[in-house]
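Heads up, the next two complexes both have chain A, just with different partners, chain B and then chain C.
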Partner chain A sequence: MIKVNNLNFGYSKHQPLFKNMSFQLSAGHIYGLLGKNGAGKSSLLKNLAGLVYAKSGTLDVFGFDPSSRQPAMLEQICFIPEEFYLPAIKIDAYLKANAPFYKNFNHDYFTDLMKEFDIPVSQKLTNMSYGQKKKVIIAFGLATQAKLIIMDEPTNGLDIPSKTQFRKIMASALTDDRCIVISTHQVRDLDNLIDTVIILDENNIALQASIEEITEKLTFKKVKEMDPSIIYAEPSLSGFHAVMPNYHQEDSKLDMELLFNAILTEKTKFKPYFN
Partner chain B sequence: MSNIFNLNRFGLLLKRQWLDFGKVYLLTLVILVAVIFSFYCYFIPSPIGDNFDYDGNLDMRFRYGLFIFLGFLFISITSSSYFSILGQKPRAIQELMLPASTFEKFAGALFYTAFLAVISYLLIFYIIDLGFVKYVNSHLSEFKMESAKHSHLNGVESISKQVTSDKNYLTYLSSYFPIPFLVISIFLLGSVYFNRFHYIKTAISVAIFSAITFYMIYKASILFIGDKVMRNVMVQKDEILLWIFLVSAAITLSLWLITYIRLKEKEV
Partner chain C sequence: MEFRDNKAIYLQIADYVCEHILLEKWKADEKVPSVREMAVELEVNPNTIMRTYELLQQQNIISNKRGIGFFVTEKAIDQVKNFRKAHFMDHELPVLFRNIYLLNISFEELKSKYETFVNENFNA
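Showing the complex of A and B:
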């Protein structure tokens, strides 16, 4: 669905953000894009949406070059930025003005999502809190039935019940022909939601692997003492949270935060497992 | 459905832009009406005092300056604010991600700035001017005849009538026709090019650019002609007017093209 080849991008010539980055994203998956501050998460999303232009390399988003910003492509992309703008009008007026641009827009689905988020459709957008506005923009984006959903820090500003609602809605929004990419630095918000992890570090992708592949190759355990098989560990109250090779095909729950820190700290040690 | 221009999508875009642009635009029109009205009320000839021009007609000359100055302000502000939202990241993302082509977005800008703004300004000025002209003409008998040079006091004509009934005026009008569009194209480009303080930055850029151009022309003329008097070069007035038309139209079209390219290449 999305193919990126040798992407080179940066805001200045001397400080490239991505160097020869290549990867593919397929439909039917929810990708979690993780990275330190300044690693380029938002910039990568913007490259996919055609909001910034690559210095070199090719991007193919379901057959389109995103930089061409063709309407046929734009109506298949739902981009929910971290900072967004909503005009000072009522929700139904907003719908009337914007929904017709998306030929597959599902009004019933939008109404259902608004009910789920507990937001009255007659409410004026200016009278809403940041979290409520975010819910409106998420509901609108999902109702467009776009094939590619890009979300930059979608859980920022959402309270705890809303984050649960968000996870539930996103899980149900995934279809076979849809690809969802969520970038966040709050890795726990994506627990049980994403099926593939992409970690950005040092101008490239440090890891792209499905949860299944990760837990098949690695195991996440609490151990009392360090042993040589441990690739990475973090001290805890009762010992250590450790990542080690899954030699015995043990079932373990992926600790996203631990994996993230492990990959950034011991990138070379993990490389042989994910080639 | 065409990815370059689709009439249905363009209609939707105009409707959508009106939601955002319309309120501010209507408010600007209200202010415009108030300003024109106030100027007319203040400067309109009254039976008390000297109200006649050099030809002995009722003095309505203030309206030419008012028409040009206010017109310049109105169209430059309207066009300078149109793409100013692209300077704000969240709004720019929303605008650029809207499923309409860059050409449609650009054509929408032309519709609001070069068509609607110009038409509404002309219409508002025409109506107010006509109203005051009718008012003055209905009170002609109250003006003291001794102040006038003629025994018979002529009625006042509306600007539109003056322009359309005089061949000289019409010639000038057709030659200077692209000038307002040139102003629009400059400020529209400024609204895409700059992220903040669009109006001031555009005005300063135009001033610097004009100063450099005039200086270069001056230096070039000194270099090539020196202090010789060009006796044999007779330039006809019509030729100058034609050049004014052609040059301003060419610059306008070029600036619109640059604006379109700039919009296409806009990054957030």
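Showing the complex of A and C:
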């Protein structure tokens, strides 16, 4: 669905953010985009949506070059940014102004989502809390029925019950013809929703692998003592949380925070496991 | 459903389904929740549920009727017991044995504990 080849991108000439980055994304998946602050998560998402321009390389988003910003492509992309602006109008006026850009916009679905999120529909957008505004744009974005859903830190600002609602909504939003990319620092909010992890580090993709592939190759477990087979470990109350090769075909639960730290710290040691 | 942190999610969901079958909340020939319903209920990726359902199909615990959904097989309860028993024997029993050995617990003591447990929990 999305093919990126040899992408070079940077905001200034001397500081490239991405160097010869290549990857593909397919429909039917929820990708979790992870990276340190400043690793370029938001910039990568913006490249996909045509909000910034690559220096060189090719981007193919369902047959379109995002930088040409053709309406036929844009109506199939829903981008939910981390920081956003909403005008001082009510929800119905917002819908009237924005929904027509998306030919598949589903008003009933939007109404359902607003109900699920418990948002008073008659309120002015500017009088809402940050969390409420966020829920409005998430609901709007999903109601566009776009093929590509991009979310930058969607759970920021959501209260505890809203996070549960968000997870349920995302679980039902994934269809076979839809691709969802979520960047996040709050991996615990989303770790059961993500099926493929993409870790950005040092101007490139340090890891792109499905949860299934990762847990097939590595095992995540609590151990009492360190031993030489452990590739990476963090101390815990009763010993260590460790990552090691999966010698015995164990089916462990992937610990996404541990994986993230492990990959950033021991990148070269993990490389042979993922090609 | 509360997930534990030491077992793959798709296996924990398989346990959850098996439990429903053993307790006959879902009976033979009945439809199990769709992949989507289950994903929403448990707040997990639908692909994870699909993986669980594929495993349960291989174990002949559920079967896929094209276009209609997944159904509990006729012999599901026996299949679940076999599947769970094999897992228990291979993975859980060694841990239990180790503790029994280390703590010097006698089989008589275990037996009476076990009988009380069964009475309190299942014979009410």
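Brief remarks on what is shown
The definition used in the following text is that the second predicted complex is superposed on the first by the 275 of 275 C-alpha atoms of A that agree within 3 Å, B and C clash if a C-alpha of one lies under 4 Å from a C-alpha of the other, contacts with A are read in each partner's own complex, and residues count from 1 in each chain.
FYI, a residue touches a chain if its C-beta (ideal position, glycine included) is under 8 Å from a C-beta of that chain, and two chains touch if they have at least 3 such contacts.
Please read these numbers as outputs of a predicted model, since none were measured by experiment.
Following the overlay on chain A, a side-by-side fit with no clash is recorded for the pair chain B and chain C.
Of the two partner chains placed around the shared chain by superposition, chain B is the only one that A:A93 touches, whereas chain C remains out of contact. By the touch criterion defined above, A:D65 lies against neither chain B nor chain C after alignment on the C-alpha atoms of chain A. Judged by the touch definition given at the top, the superposed model places A:L74 against chain B, while chain C stays out of reach. In the superposed model, A:E257 lies in contact with neither chain B nor chain C. Once chain A of one complex is fitted onto chain A of the other, the partner contacts of A:E213 are absent, as it touches neither chain B nor chain C. Within the superposed three-chain model, A:L51 lies in touch with chain B and out of touch with chain C [touch as defined at top]. Here the vertex is the CA centre of chain A, and the angle it makes with the centres of chain B and chain C is 150 degrees, a multiple of 10. Contact with chain C, but none with chain B, is seen for A:D195 once the two complexes are overlaid on the shared chain. In the superposition on chain A, contact of A:E116 is made with neither chain B nor chain C. Closest CA pair between chain B and chain C after superposition: 28 Å apart. Common to the chain B-facing and chain C-facing surfaces of chain A is no residue whatsoever.
Note for the complex: chain A touches chain C at residues 28-30, 164, 167-168, 171-172, 174, 192-195, 211-212, 215, 221-222, 251-255.
The touching residues of chain C, counted against chain A in their complex, run 3-12, 36, 39-48, 51.
Across the complex, chain B meets chain A through its residues 1, 3, 6, 9, 12, 15-16, 19-20, 88-91, 93-94, 96-102, 104, 264-265, 267-268. On the side of chain A, the complex with chain B involves touching residues 46, 49-53, 69-72, 74-75, 77, 79, 81, 83-85, 87, 89, 93, 97-98, 100-102.
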